[in-house]
Amino acid sequence: MNMEKSSTLVVFNGDLDKAIASFIIATGSAAMGNKVTMFFTFWGLNILRKDEYVPVKKSFLENMFGKMMPRGANRLGISKMNMGGIGSKLMKKIMRDKNIATLPELMEMAKDLDVQIIACAMSMDVLGITREELIDGIEYAGVATYLAAAEESQVNLFI
Amino acid sequence: MNMEKSSTLVVFNGDLDKAIASFIIATGSAAMGNKVTMFFTFWGLNILRKDEYVPVKKSFLENMFGKMMPRGANRLGISKMNMGGIGSKLMKKIMRDKNIATLPELMEMAKDLDVQIIACAMSMDVLGITREELIDGIEYAGVATYLAAAEESQVNLFI
Amino acid sequence: MNMEKSSTLVVFNGDLDKAIASFIIATGSAAMGNKVTMFFTFWGLNILRKDEYVPVKKSFLENMFGKMMPRGANRLGISKMNMGGIGSKLMKKIMRDKNIATLPELMEMAKDLDVQIIACAMSMDVLGITREELIDGIEYAGVATYLAAAEESQVNLFI
């Protein structure tokens, strides 16, 4: 058994507010010296999408899903009071005004702190998301890899 | 203290995508030799409802709630882009096309792997759901039973 | 390492049903003799708001957010079938009729059982919520305090 402390987060939701909460917990835990693993699955994968459009061959359904889902950390809505994106914009404005780290900044911080970022391979398959469409520096794995990390962790969350 | 490894999941949400994630984690953990307990509460109970209509005596309000909530694993919506059930149908079609296990198949797998499935008695009371309306082979208990399992588990999630 | 058993809950969502689930788990765990910490963040802060309007100086955006978010445990909606507040009223009526503890009662119970209630300082800043607007007897802290409690806990949940 590994005696190093660790935290493992499943990021299932792709809402801006939940993504921010995930990365604040992840970077906070990593800054305290813990090993941190984030496992992005289902809508959480949208957080990892590149900003720009990446042309990849997709089936009709995959293409439709891909077009309807937000592309990357700057385009996410919030889970309450999103009001067609207004709520999300307001929350980002407030955070900038108050000098609170934005989601892209938190994601950079996570990389610098060696937070392990894993994209769920099965969810990518279901939602038709390819590796080319996701940001660099991440890993791809399945539920067994997640569970192996989770079993050794003191803090396990499903967000 | 029990030294066997175990995972305990609270399944609160009744969305198809979250139900699939729950059962993938549960069956994955059980396949690795862990004891797994799933505690279904509130909307999560809808996952355990029988497909067919079961005539039971209910109050007016219980009847109304019962009619409005989805009956069983085949009728659940998804938490994002459900579009009146279209999103849910598309996700099921994609999963079939890609030979990914469907929710009913995952639930069968969970039974075969001896995953303990518990329906929250208090939530059943609140939502007016009776034992006759839920699938066979499950247990009924309260929060104390859940907490006893959770305290011994390495992986605890609220889904 | 602390050998006392403990549970730590992040309460992110401000829905009545999820708030009830949080407090049932928290009071259940505390009644079993565990140390329990609840960390309220983002929309979860609305659960801790005072019922009455508290006049405080706010920016335009903070004021708008404050007006649109529910004020306290009696005004929360439910996460499914809320139907503009009807679902929430019906759930409360059913719980009263069946003599199940209401959210304000569960919150009183939590205080009596010495459950530690912490409001997330950063989220208060983002949503423009001041200490004067929150109920008495709670603490204010950040993610480091949450993580310190979580690392020692057997049961960690994100609700």
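To keep things simple, chains are lettered A, B and C as they appear, and every chain counts its residues starting from 1.
One rule holds in what follows: a contact is a pair of C-beta atoms (placed from the backbone, for glycine too) under 8 Å apart; a residue touches a chain by one contact, two chains touch by 3 or more.
Source: prediction; values computed, not measured.
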item: Touch-based graph of the chains, sorted into line, ring, star, complete or other; value: complete
item: Relative orientation of copies chain A and chain B, as a Cα rotation angle in degrees, nearest 5; value: 120
item: Centre distance in Å when chain A and chain C are each reduced to the mean of their C-alpha atoms; value: 25
item: Shared-contact residues (touching 2 or more other chains) in chain A; value: 156-158
item: Touch list for chain C against partner chain B, complex; value: 5, 7, 17-18, 21, 24-25, 28-29, 32, 34, 79-81, 90-91, 93-95, 98, 100, 154-159
item: Touching residues (chain side chain A, partner chain B) in the complex; value: 10, 12-14, 41-43, 61-62, 64-65, 68-69, 122, 125-126, 128, 143-144, 146-147, 150-153, 156-158
